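Both complexes below contain chain A, partnered by chain B and then by chain C.
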Partner chain A sequence: MGLNYQLVLWNKNKKVYDRYILLFVLLYLVLFWAITLITNRNTTLETLTIRSSGTLAILLLHIILSIGPLARINTKFLPLLYNRRHLGVTMFLIALIHGGFSIFQFHMLGDVNPIYSVFTSNLDYSSLHDFPFQVLGFIALLILFAMAATSHDFWLANLSAKTWKALHMLVYVAYALIVSHVFLGAFQQETSPYMPALIGIGFVILVILHITAGIKEVRKDRQTYKASDTDWKYVCEIDEIEEDRAKIFIVDNERIAIFKYENKLSAIHNVCKHQGGPLGEGKIVDGCITCPWHGYQYLPQNGQSPPPFTEKVATYHVKIEDNKVYVLPKALEEGTEVTPAIIK
Partner chain B sequence: MNAGLRKRHLIFWILILIILPIIMIRAKINVPKQPIENKTYLEVNKQKPVLIKEINDMNDGLKFNFRGDNDKQISQLEVILVKPLKDASSTLFELNYNDEKGTYIGELSQTGVYRFPIKNQRLYGVLIFDEIKNDVVIKKVFQWD
Partner chain C sequence: MKKDEFYIGYIDNVPPKTKKKLKITVYILLIVVILFAIVFSLFQNKFKNSTFELTNISEITGTYHNNPYPSIRMELQPNEYKNVLLLGFGKFGAEKDIKNIENRLMSIEGQEVSIKGNLVYYNGKTLLQVADSDEFPVSKKESQLPERTINSLGEIEIEGEIIDPKCYFGVMKPGFGKIHRSCAVRCISGGIPPVFTTVNKEGISEYFMITDAKGNKINHDILEYVGQPVKVKGELEQLDNWFILKLNIEDIKLLKGNSKIYSN
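For the complex of A and B:
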């Protein structure tokens, strides 16, 4: 969370994480080049670059798509989620090298504009064997470009969280396009079964992770109540909430996070204004509810980010009777001050 | 995530789960089944001992050697790619008498020596085809005595 926009938001954590990304990328490329040159000395520089960058971009995309569900399944993966943005931009740059070299190698020597050539050199859309697969890769690259270019809090603030999230959910479209690009392109001449098998395994892992995380969310959503401004709902015993942590309560499929801190209870809407992170899975740090995804903070009693920040979420009334916690499941205006329930 | 976003994630993954396996399986099924003996593997295709006919096309940087186990029967086409082809994805086909793409012979990529088993004693010609651009790269008609 920063007040002023910086070109790249680096902190100590992110710098360490970025060093690991760089190390992984270099290690992969060196290994790929070394193994290829040992097994096939005649491989050209262009082909090596296209293949190494293409396979690395796909591998990174699988890792990126795994981080979200992994963090939902196990909170140990939350640091990866916090640093995912830089990995995404790295993946785009590597995909750009793949796309750029491919266009250079396959389309620069003709007498038409190379981009025009990508779209017109093969129009056999009815054939699976000769399908113009490069078009799929090009469209995926455009999506990744839009995502990488807007991977900054400046765009998040100016596009609005809703538009930004919708744009970044196109990563699933990009993933589908890339898998199709590979299967309808490179794998049409791939004699080894290992590469298609690897992509297939990657797909299965991603599906299992997302479905597992989805099932976990559905289970949480099952116990849902109707919103009401008169009917207090029982949540849990006070002791069931850990100090500086929250209990999540669901009303009309939306989640309320009830935090326990300094012998008090406060309830706010569970969704962070930054990127929709689950506030109820975060904790109180320095007196503020801190989002587990990117560290955005809110004051528990009014759902407002501490000044000078302006983000705010809805709050709810909470009460305690006989050590039992009750919530009035009707959202108040975002940022409304609510007196915390006191634990005696 | 709010309820709307969770629903959108669910829809995306249901679509991916349905569409991608269909594309993967159909794409693999549609790979043309080439005869295994036509594959370009130097380890498999050792050079036949007798050079029966040699045709050079140095303008395109290509040499064609017709080889066999004896001087009467051609059983191997040796293609020497002296300079790289402009098209990275190139496939070698027999040229049939209608000057069209005939039987698949093998793949060509970087410069080097490629050996393919052939059954046709006197090939009318060969055609190098770019599978990505769907375009003829080189068409070569052979002159036989």
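For the complex of A and C:
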């Protein structure tokens, strides 16, 4: 939640996060270079740079893609999600070193434009075995660039959360392109089975994590209701909602979070305006619903971010009868004040 | 009552259970990073001991010949000669440099000249990336070497890969195969002589300069076959330390699978 856009809104946790990114990146590069120079002295600096940056980029991409489902499976992993965009930008820069050096090495200083050469120096597009794998890497790099360039909240606000999210879901397309780039390129020539095996294990882990997180989401969504403008829907007993926490219910494909706090109940739309985080998995902190992803806050009674912030989410009427909680599943205009249901 | 932990990124204190989980995660990531670094660096293909003297300018003296490709012929010892292929900067042949030189000195064909440049060498073959061709060589003189003799060795059919010798013999590692294919295409397209390389049953590599069936330079016509396993048929000749393979494009056949030189 920011009023003025700054390059980075630094805080202690972001700094610690970035220090670990730097540490792991340097550790990988130092190890890769040292082992290669000791065991493979005839290398060239260009090849060493291309290989170390390429392999590091694919490792980072696996870590990045693991964070989302890990945070859904266990909220203790949410700190990894908090500053994931810095990891993403780091990964792009390393991939850019790999792509830039490769284009310089293999396509520049020749008789045609190097980008034209990427697409035309091998025209076996109809062959899987001989496919021009550089093209796949180039397109993946363009996607990663678009994501890195729009990773700032300025773009999130100006593109709209939906467009921004759709753009950033292209990371899965980039992953598919990169894996194909590697298997149709380097792994056609490298003879060790260990490298493809590692990438294969990475793929399997990613699939398992995403399926597990998906199953958990589906289980969360099992309480669903048909929407109606006039009918109050029973959702749960008061005791089923923990203090300062919420339960999430799906009504006409929209998730509603009902929060319990200070002997009151309030219902708001579950989706955070920032990056679409699940507000219902957040907590009331200092009287505000706080998003678990990046800490964006909303007042429970009106869905508005506390002044001077301006984000608003839709609110819902909620009532209590005989310790049973009912919600009127018609979304009110974002930021509409609703009197909380009082727990007697 | 259990403590309800909730992490907020912009609040300095991280809840204890979350912190513990993060510590374990960092250790796991540490192991993963080390494992990846070891596997990817230790098991990558070995590099050849080919050399490109990028920062060192050498001078070689010998007789210049334009055919089949620009080269300097040198006498190693009585009756033993070596042809050093000349190359241009980047992914280009030496034509532009030869033009620069001949603009100043007129034709240098068959003349003794001293050429400066960066040496590229591997497995008995030497090449020179010409430098300072606007000013060097400053003179030429009559060659002291006897005429070249080209020996015909009959027809040959072999399997291997068409490579660009500049990268293969030193500038790039690896300078062959699918990873390098685009670069080899650019180099040969830019005028660098195409070379065919093969490995015999004993694991010995051999190299052949490729020309068309009439012995003329061939570059653009063979681009689609570069950097892939191929079987070629043609007339074999020997010029000092180089074989020359004269072939028709129709006699190049693409093979499936990896080139044998991958194990080189």
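Rule of thumb we're sticking to: the second predicted complex is superposed on the first by the 343 of 344 C-alpha atoms of A that agree within 3 Å, B and C clash if a C-alpha of one lies under 4 Å from a C-alpha of the other, contacts with A are read in each partner's own complex, and residues count from 1 in each chain.
Quick note on the criterion: contacts are C-beta pairs under 8 Å (C-beta built on N, C-alpha and C of every residue); 3 or more make two chains touch, one makes a residue touch a chain.
Not measured: the values here are computed from a predicted model.
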item	value
Joint occupancy of chain A by chain B and chain C, clash or fit	clash
Touching partner for A:80 - first (chain B), second (chain C), both, neither	second
Partner chain in contact with A:59 - chain B first, chain C second, else both or neither	second
First, second, both or neither for A:121, with chain B first and chain C second	both
Contacts of A:244 with chain B and chain C, given as first, second, both or neither	second
Touched partner set for A:183, first chain B, second chain C, both or neither	first
Chain B versus chain C as contact partner of A:39, first or second or both or neither	second
Chain B versus chain C as contact partner of A:306, first or second or both or neither	neither
Chain B versus chain C as contact partner of A:14, first or second or both or neither	second
Broader residue contact with chain A after superposition on the shared chain, chain B or chain C	C
Colliding region between chain B and chain C, picked from 37-45, 91-99, 145-153 or 181-189 after the shared-chain fit	181-189
Overlapping contact positions on chain A, where the chain C interface meets the chain B interface	42-44, 46-47, 105-106, 109, 121-122, 129-130, 134, 185, 188-189, 191
Chain C - residues contacting chain A, complex	4-12, 14, 17-18, 21-22, 25-26, 29-30, 32-50, 89-92, 172-174, 177-183, 185-187, 189-190, 224, 227-228, 256, 258, 262-263
List of chain B residues in touch with chain A within their complex	1-3, 5-6, 8-10, 12-13, 15-17, 19-21, 23-24, 26-28, 30-32, 39, 84, 86-89, 107, 109-112, 131-135
Complex contacts: residues of chain A adjacent to chain B	42-44, 46-47, 105-106, 109, 121-122, 124, 128-130, 134, 165, 169, 172, 175-176, 179-180, 183-185, 187-189, 191, 196, 199-200, 203, 207, 210-211, 214, 217, 221, 253-254, 271, 276, 278
Of all residues in chain A, those that touch chain C in their complex	9, 11-14, 20, 24, 27-28, 31-33, 35-36, 39-40, 42-44, 46-47, 51-52, 55-56, 59, 63, 74-80, 82-83, 105-112, 117-118, 121-123, 129-130, 132-134, 185-186, 188-192, 194-195, 198, 242, 244-245, 282-283, 285, 290, 292, 294-295
